[in-house]
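Before anything else, here is the set of structures, which you'll find just below.
One chain, subunit A, appears in both complexes that follow, with subunit B as partner in the first and subunit C in the second.
Moving on, here comes the complex of A and B:
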């Protein structure tokens, strides 16, 4: 059972602002989805080991620059740019 | 409907190579068809005419110069709107990326360019590929070409509907839990999910990185093999792409007989929840395989019943992490930036994401959060291993496995959209394949009483694409269920 309090906590972690209607609804819906997931709780997994590294190992490329992006192309999608930087609201209050 | 679509992509390509048709004529015809049909189907988010005509001109120039064309050159293709084409919007059918212009090409897009394949447009999807009906798009509801009151499936519903309605010959989608195979089944087309890592994911907007795979649609198995030939291969820009796969010719083995092939039908997928017509069609397909000389026997995968639970924990956990990047800083929309940065994050994400995306971010964040991680995410990973082991055991006895792609044929628009759990349950047959990272194909195997197409799913072990395609091709030849397009659209 997911309470509205849990929903608000998770929403804060996920940086999602929820309306009271959404908070109420997600509490119900997430409870229902987790009920579906609760069947895993009955499983004895003590002997199950993880071998998620598959037969094919990950190969890493060499640490050298091999391709280029156009700086202006990348900046063209930003909501606010200043002198080639991403501009964001102030993070620290003055005096803090 | 486009008359050229009756013959398929490869046949069209051969006619272009032979000089019987110019790539420009083909493209004119394609855009005329799209203009006629798409106002009803709504498969496309945008058209990329300039890019397509530029490519077609290259093709015709190469022909005039007497050059041999690369595979599928000149054949129009539709691209799911979560795959980058440089200079064109990649919206993921989300408001948060409504104005995002791709600053680079996906690796598959570069391969399409090398092969002179004209990309004619970007297709609609469930927002960020989250959904099974394409109803979660922020922009439009794509219709199933066989019945306009029904969904095309999802999340790659636009790409499936584009091919099924004969607007394009081939298309690309992405398959995270069935997002290509299920719409292929519901639209009467062929859809192949390759082995995880066979096709580069570079330039595909990430949903669940350990499950996502770019996957093709076509109207027949031969065309699917051709597209796979074009898009597969190692890529240094995707660290999960498989590096040591020997070069394959997927077209070469298509005509080989399948006598003696051992096919296991998955008993768990033929039990509860299957529509009677679908069940009958799958059983009939089993007989067809027997008549082709295959040995068809039952096989049980006991942990399959936990697949949906495991998937919706793992996929949403990865999504909550992948979608953290949409915060209004570097790209996408930005709201309430005049207050402080936290309020900017909160407002931007609240307004930019749709309901299902928020639900999944919430679920994923929850299962990764302190106090719940081991009970949910940790457990789901272990179950993923059990399911993978089930498949491994089955492939000790069988060459391929068989089952339905979807428990039902296309459902009505709005029928399941109010209940997320019911929508999730419709993915039972496709999800296990992504969890195990193995390949599977959906091919048409009949129609239900309402003349809606039914999909048959064939599943193979790691890198068994050649055998999968060979078996699918044998089935297709025997049943003549290929190049299916609803005739009702012809009169539009």
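Moving on, here comes the complex of A and C:
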């Protein structure tokens, strides 16, 4: 069961603003989804081994600098730029 | 209670450390941006480390290899299968809104370090990407400043987070653990281990409990210690603070606290509780990583000498005292220098004395590192040889040392250039001695009437007159004969 409280908590973490209607609807929908997932827990898996084995070998990158992007280009999407920095509203709580 | 003792409760300190070491790769953990320090803001960025939509991270093999190497040196087991997870939180230094880290399958697990004769267990060591840096423009920290500036050069730089069990019982032990760890990663060449510059960051989980208690007290997490000394000081302060709280019937609140070096205190960061709900889940952009035992074995085979091994070798092979050996181990560059110098001389003790004494003092006074100078192991060894074979006195050696350090000129050349070759010619020295006696008749009379302490004065005068080149042994002998009268 997902309560409206849980929805509000997660919304807060994700910096989402929800209306009371949305909160109510998401609580119901998320509960249904979780219920569906719960059904998987009823499967009898005693005879199968569920191991985390990659099907393909991991792709690695060698430790070489192979590119150099144009900073101005990269900064061009930001709403506010200052002297090569991204400019953002100050966070008062410096925690984390 | 029996006796109704009024003595205060005895507490035991419980400390666990979380240490982030920045891995010395050329490029970031998941993109080919340079990790070079000190370039212009946002110079080392790309669409991947800026978190632009549609990009894919690709794992840096070297970072994994460094992680495994460090894990092996910390006596850890290496996972056969490891994976990367997303740790979600919002902060302007984290462009993606999540940090790629490792949650339940870290690359290294269950190791230990021995500190003060006690095994400190290491729970895990995992790979993760660093965040960016916030710069507060202009009026830093003032209420009027409404904006921060973000530099993402550091975002995506590989870190290894090494988490200990709460096995340490004193601030000193915690400092030693951190120092030992620093030495190990430096010997391995996987990290600079510089607390001040932030290439190594130490956070301490500290709690206290009544002596003999099995359960842990409420812990606080200390951050912002920029030196090994401040790790110890911050823990001492925090233990005193917690003791006072508990003794006065109050409770310790679980929180992060910032160490303030200037005031010597810790202060609450008052971060919101929700911030710790990171909602980890496996990063779908990165496949689980299989680590073959063969790969681990290859890394193990190539492992360089570790501090503890060097400590033992220096004592066994060169007969150094434990103290001397520990000084050469503590400062890796001194130890490396010693190892090269012994190729050219077998006067190990003299070599050690120069390195630990005059050379260390010179570097300290001139705010230099050994590697910033032109002093070569061979030149120092040659100088030691020249002193041993009486070509120069140790006073002369001290005299030419600054030039030896600064110019890189060979010691025999320096001595020739400056006309400082040791003079053992008895007739020449005798002449100088006689002159000193003539010029200091009063002192001679005083000496002869029993003021024997003056002997050093005469020798000094002769050395001065010869610009330090007279062989002190010869001076001593001749002067004594002449003063007998």
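Points worth noting:
By definition in this document, the second predicted complex is superposed on the first by the 80 of 96 C-alpha atoms of A that agree within 3 Å, B and C clash if a C-alpha of one lies under 4 Å from a C-alpha of the other, contacts with A are read in each partner's own complex, and residues count from 1 in each chain.
The definition used in the following text is that a contact is a pair of C-beta atoms (placed from the backbone, for glycine too) under 8 Å apart; a residue touches a chain by one contact, two chains touch by 3 or more.
As the structure is a prediction and not an experimental result, all values here were calculated from the model.
Of the two partner chains placed by the overlay, subunit B and subunit C both lie in contact with A:88.
Touch criterion met: A:61 reaches subunit B and subunit C at once.
Among subunit B and subunit C, the chain that touches a larger number of residues in subunit A is B.
In the overlay built on the shared chain, the residue A:74 is in contact with subunit B and with subunit C.
When both complexes are overlaid on chain A, the residue A:29 reaches subunit B alone and has no touch with subunit C. In the superposed pair of complexes, A:11 makes contact with subunit B only, with no contact to subunit C.
In the superposition on chain A, the residues of subunit A contacted by subunit B and by subunit C overlap at 9-10, 13, 15, 51-52, 54, 56, 58-61, 66-67, 69, 74, 77, 80, 86, 88-91. Residues of subunit A that touch subunit C in their complex: 9-10, 12-13, 15, 51-54, 56-69, 71, 74-75, 77, 80, 82-91, 93-96. Those residues of subunit C lying in contact with subunit A across their complex are 25-27, 32-34, 40-43, 45-47, 50, 52, 58-64, 81, 83, 88-92, 105, 134-137, 145-152, 256, 269-272, 274-275, 277, 279, 287-290. Across the complex, subunit A meets subunit B through its residues 2, 6-7, 9-11, 13-18, 22, 26, 29-30, 32-34, 36-37, 39-41, 43, 45, 48-52, 54-56, 58-61, 66-67, 69-70, 73-74, 76-80, 86, 88-91. Contact residues on subunit B toward subunit A in their complex (touch as defined above): 99-101, 103-104, 197, 236-237, 239-240, 242-244, 305-306, 308-310, 312-313, 320, 324, 327-334, 337-342, 344-347, 349-350, 353, 358-359, 361-363, 365-366, 369, 375-376, 379-386, 420-421, 424, 437, 462.
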